[in-house]
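Multiple structures are listed underneath, in structure tokens.
One chain, subunit A, appears in both complexes that follow, with subunit B as partner in the first and subunit C in the second.
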Partner chain A sequence: MDIEDIQIYVETPDSPRLDPTKQMPSWILLITFMGTRKLSSNHVQYFKQLLGSESAVIDGVSKDASADLEAFNCDWLRKYRGHTKLVLRPKSTEEVSKIVKYCNDNMLAVVPQGGNTGLVGGSIPVFDEIIVSTARMNSIRSFDEMSGILVADAGCILEVVDQYLAGRSHIFPLDLGAKGSCHLGGNVSTNAGGLRLLRYGSLHGNVLGVEVVVPDGTIVDELSTLRKNNTGYDLKQLFIGAEGTIGIITGVSILCPQRPQAVNVAYLGLESFGKAQLAFREAKRHLSEILSAFELMDGISQELVERVAKKKPPLEGKHPFYCLIETSGSNKEHDDEKLEKYLEFVLSNDIISDGVLAQDETQVQSLWSWREGIPECLNHWGGVYKYDVSIPLPELYQLVDDTRERLSSAGLIGDDESLPVVGVVGYGHMGDSNLHLNVPTRRFDRDVEKELEPFVYEWIQKRNGSISAEHGLGIAKKPFIGYSRSRKMLDMMKDIKKLYDPNGIMNPYKYI
Partner chain B sequence: MDIEDIQIYVETPDSPRLDPTKQMPSWILLITFMGTRKLSSNHVQYFKQLLGSESAVIDGVSKDASADLEAFNCDWLRKYRGHTKLVLRPKSTEEVSKIVKYCNDNMLAVVPQGGNTGLVGGSIPVFDEIIVSTARMNSIRSFDEMSGILVADAGCILEVVDQYLAGRSHIFPLDLGAKGSCHLGGNVSTNAGGLRLLRYGSLHGNVLGVEVVVPDGTIVDELSTLRKNNTGYDLKQLFIGAEGTIGIITGVSILCPQRPQAVNVAYLGLESFGKAQLAFREAKRHLSEILSAFELMDGISQELVERVAKKKPPLEGKHPFYCLIETSGSNKEHDDEKLEKYLEFVLSNDIISDGVLAQDETQVQSLWSWREGIPECLNHWGGVYKYDVSIPLPELYQLVDDTRERLSSAGLIGDDESLPVVGVVGYGHMGDSNLHLNVPTRRFDRDVEKELEPFVYEWIQKRNGSISAEHGLGIAKKPFIGYSRSRKMLDMMKDIKKLYDPNGIMNPYKYI
Partner chain C sequence: MSTPLRILVPIKRVIDYAVKPRVNKAQTAVETAGVKHSMNPFDELSVEESVRIRERGGVPVDDILAFTAGPAKAAEVLRTAMAMGADRGIHVEVDPEKDGGELEPLGVAKLLKAVVEKEKNNLVILGKQSIDDDAGQTGQMLAGLLGWPQATQASEVKFSAESGEVTVTKEVDGGVETLRAKLPMIITTDLRLNEPRYASLPNIMKAKKKKLEKKTLADYDVDVGRRLKTIKVTDPPPRQGGGKVDDVDGMIAKLKDLGAI
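Here is the complex of A and B:
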């Protein structure tokens, strides 16, 4: 990339929105002027007094604390970097409330941060916003085994909570790769999707209540433990996926299902995406209530895993497509019987070309590794252009074919080391119509980028797809939201932001 | 009731809210002044021209049309009555858009109406608001069998849609008594709960998109057919349960599950509510993914059904509590085996005292009639005081005991015909923590009302319950919302209403 490729766009609260459908350079430096103020040592003094303990404040204003601040200023992929000088680690909702009220009164910008495992820079400051970390708010407040309803602090780590629930025969209705670090508050704030969505549905259905500190410092206690409550607008829904732009979630109430006692996995080889759709339809019919994952992997993704991981593939011979099916139920014998019947049906009806069923827990893990190992293997050649998108199911894979065709026509793909692109790979949560389009590359290349964008976004827009299925907007997708939302919707969203955060202090410079 | 019992409360947009926790007469005449205008024959002329067809406009302004207007002015329980002079029956979203824009420009109040099956007066005008009926917008727009995603007009009747889906092996994820008349748009606008919530979750999780005409007439096309779409605030959630106060839903996109191929029912007798909770916990453990209903009926409810319907009870002997368990799955043998094992377990562990399992479809229906027949049987004595509430599960039934104790102490209950109250009955969707507290009575009586309110509301408020679990607010619950929502939440809701409906034309005088 050359310096002249960078387009600078300066945004003020009143300037017209960037319209990416008309004006889409490869790189945009988006500068947004908000009304927030610079941090002073007087402010830091106030927070130190408020939070008391030494460890609750990482102060880079009065001294150099850049080493301690590094983990908060940078995301785990080292893609985004902010310049905060102050991290606050409150221990209670009341402390969060006082922090936010003070920041609002003094026009100081705030970025809430959980496990900092996001992929779009949503929890990283852009400039010197104060980071409010939920790390020290990590108590499970209550769990009712009868109803399966859990109430917990926002800073609880997902895996810790799931382990707690495992001991009580329940399961957290969300699972994702970062579970060892991510926080419940962050999960809810980003409306995390993950692996269990096909079975348990989205957080919009499972979250029963939230406790939120809104920008004026008020604690909104909506920690309902009720499944049904039709008394007015369901405002908690606005905070689910708001990425901390209208308040800080400090507590969550969530419905947790019974933990399945039996899990099994089948791995299938198929001739075409059309057959993969048939296999999915039949999986819903045969496996219905026990179906817990239906994942798609294209042939090239599995070839690359084989080449890089040097493992023996689960099936003999090559297939254009592969699917991984997981079942979770309460009776192993019943589930195995259903899964075997399913395999018989799809084999004898020529829907699948081949298939294998895990015989034990080790084989379950081994089959999953052919799906879960893809992202790591794709990094093998240097870099990967990644898109996490939703497309209506019938056309889900077409994006991969069309992108491959486009890069081929441009002469950019091949085994020849001089060509930038290794291949165009598609895989993902087919059961949720969520595709990961990945382009592993030997080097980042301007020509490749020019072919990919805005092509991919325009392609998705034409099919009413989403440019961000489960990762959110953050700073990464902010300029592109116009591809997935109408002007009117954007205006309505901006009205909400102005209404609930009139001073613009909450996670500014991002999101809508 | 005497005339002096009526308290008049006049509300303007700027007046303080009624605080029912401090001031709670039995009957309140709530008069709200809004800025809307009176309908003239010029307005009617405009609509006639716009909608063209004769049948699209029921005009009570230029002539007497009270007979034709009656069905729109009155709810099916004949509890609420409005005085509309104009019903509009648009055939397309574009027509709705033009109607609403004209009403907004001319400050005319509008009430959207679907099947008019609500229980709280939400779809009935209070004065002479224009009714916009969705009845003529009843096309199924698309259904994708692969993903199970249905897109349909707001005026589609629930049962018609479910039958359409049945022919395609799918099921609508909502079921309720009024399914033969209610409209999808009304279901979504009122966030209807119903019978399948335990299994398929709430509409907040299942509705993928809505098409809404907002008060300025803009058509907001958010008819997404995506399960995952993290691009900004999930504003569609605000319209789910908004009861038409910020826009008219004209189309719905919803995820429909695979239709279960096997349904079975068990009917249990239990010693105590504590044991009913254990039976529920074990049902979740044993039946997990196939559990589709767990209903509670107390002893008196079943005695009254027996007395009124003169049927032989399913079990010998009397029990203080009964539960009905329904399973829905994809394999009848597996489901039966699970249900039998469950019954063995709860019987041999003394969790239930007795139980019976339906042997065929007729017995399934017959067992269900002991639960579904309750409301009708309770009407036998004259009237019923009804409360539809949510309470955290451990205390769900305590409200019934405490209410019975209170009415007993006041000497108001008994078999003696001179006493007003026949009994205090509790039943409901135990699996969703949703209780129907019913007080069948020989006559409506001021002394009974004084004992019931505000007692019931205060009792619920102390347990963070909801005063309206699934019926909504409408006109009936508007004055009582303060028992279930904090002042701050109410303010935030009112801000939304002002933001999205600044002229206050959409379903005024109701809701928040």
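Here is the complex of A and C:
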């Protein structure tokens, strides 16, 4: 969606409030008018002096730098486009503090940006907000092998950190497809979920402390390395998942578990979603403490990966559903024995139709690529409508069937080039009741959007699900938060925003 | 009608390809304790090719025998080979601690010669090298000991049912080389030959019921005495970090400094 396509409804403090739960097309963007000012070359001059080096400022105000700015203005799905003229790449928390203070004093809007791998446009400016990138703040500050507590800068890349920890027999409690690009600060700001949440829990539990620059420029140093601290409101939780709306996270302290010695991966073919649920229940029974991932992929998702990546599928025949199971433990023999018993059980009781078991690390990675490669492969045709939802497990896949049915009867799906929709795909973290409903399209089409929204949101609301399980709100889901949160909750959230960011300079126009 | 094939596939359990090996403190060997091990990737290609020869038809395959010599845990890779389609396995238990170190290529080749004679194999498909010591000698030595033709680093293997001849293509610098030979023969495999299959669950279950014979070096009565002595094992020198220059003049000055121009 380009910014020109968006009808802008400017909400001022005096205007009547719209009720987002009422039917509302998604291209209307609610914008709360904050009165931020336009960027001038004087401002740019200040930042250049502050940050010193040339490479720390990408200046599109006094010269044309659109090529350099492109990567910051556009997300990887090419779905959102911002119009920033200035990117700042501070090297330290102190620099971030000075930037934010100056912006607050001068009413300049700021968008914090990490690896820019978000899926809801949270890291992309809506207009010409200044981007503050964490890319140059990338050192690991400390790691204690005894407690497993890591303290690191916000700009550290997840995979780099995980490699660092691997050398010290530990593992980062979060893993996701974008690990090669995403930053820790972004992960924490968006409360990223990922592939191992089933085993290690969410960042709300694993993050022990944060260092944040709040909108008036103050550095809030809450880099606690304590596991227990019941003294007052646990305010760091506010910043986890706040998507940079009440401050910029500049450092995190996080509890990292011991790296498992033995990892096994099995890839299973199943004939129905009902069987997948049985397989999951049995997995919990047989594998309990070593089960580290239980992922669901439907038949079409795997067919599309095969078509795009041109790889040979792991299983001979086609199956309506596939599951990927990962176990992680400390003793290979024990794990092998448990997994073998489980696989024998599900195979002999006809819960699964077929399956393979990785025999070496290369096969482990290659089986994972059939799950992790889905989002990238779906991008192949053009755009993808993505819904990241949480629904009670028994009805998890029904949403995909119902959506497919709806788009089919509207005559929008097919292999023919003239039809906008390639297919309706469902996959996700079955272990966390988290489904990714994806609709790959050949082009963005209003008719498709009209069929999808608010249908999908209403479907989820009826089942008390969440419209955004792990991707967050950003700009994409902002108008729909009312489907998952009550009016009272929204008011409390707005109060918090007003309290910490009275001028509305932090990542404006998004979130709530 | 061509002679039915009795294929021998020697395989080895090695440190997993994806694991970064570490040299032990005493600098005598690579650390193996607590490190993930798997089948040597080149041997996976040999197993896969043997199974494909059977599946392709054309020549009848009587037997695919997976063979390994190594510690007790080496039996794991035999199970994998049988899950991929080998008919049976032989495991000669060799404990490097007790038996005076790992077998050397010549020792393995002598052992394989004894196996071939006992099991009446007419085709041996080996990986071109094992990724732990990278010697790349066993196939050639075995061919020499048996006096059989050899085709190394195969990227394609074809059987002619009428003439009983085997055509093997190998990739060489600047092109491909095609060899033709009559059975019995030795083939060593290279990466381009095939893409090994996954071990499917039903086949893993079936493999448990396949015959896995345990043997000892004494059963084959060969001299596997070590002839080589490892003096020292060290890491390769770490890569020197690069530096940045500000402009073209800076680069020229730097190159002059280094004596490159």
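In this text, the second predicted complex is superposed on the first by the 433 of 512 C-alpha atoms of A that agree within 3 Å, B and C clash if a C-alpha of one lies under 4 Å from a C-alpha of the other, contacts with A are read in each partner's own complex, and residues count from 1 in each chain.
Criterion: a contact is a pair of C-beta atoms (placed from the backbone, for glycine too) under 8 Å apart; a residue touches a chain by one contact, two chains touch by 3 or more.
Predicted, not measured: the structure shown is a model, and the values here were computed from it.
Put simply, more of the residues of subunit A are touched by B, taking subunit B and subunit C as the two choices. Of the two partner chains placed by superposition, only subunit B is touched by A:511; subunit C is not. Shared-chain residue A:65: touches no atom of subunit B or subunit C.
In the overlay built on the shared chain, the residue A:222 is in contact with subunit B alone; subunit C does not reach it. By the touch criterion stated above, A:486 is placed in contact with subunit B alone, subunit C being left untouched.
Touched by subunit B in one complex and by subunit C in the other are residues 261 of subunit A.
Interface of subunit A with subunit C (complex): residues 261-262, 266-268, 312, 314-316, 343-344, 347, 352, 354-365, 367.
Per the touch definition, subunit C reaches subunit A in the complex via residues 16-19, 34, 36, 38-39, 41, 80, 83, 195, 198-202, 204-205. Of all residues in subunit B, those touching subunit A in their complex are 144-149, 169, 190-191, 193, 197, 201-202, 204-206, 214, 218, 220-222, 224-235, 237-238, 240-242, 257-258, 260-261, 277, 280-281, 284-290, 328-331, 334, 337-338, 390-394, 429, 432-434, 464-473, 477, 481, 484-486, 488-490, 492-493, 495-496, 499-500, 511-512.
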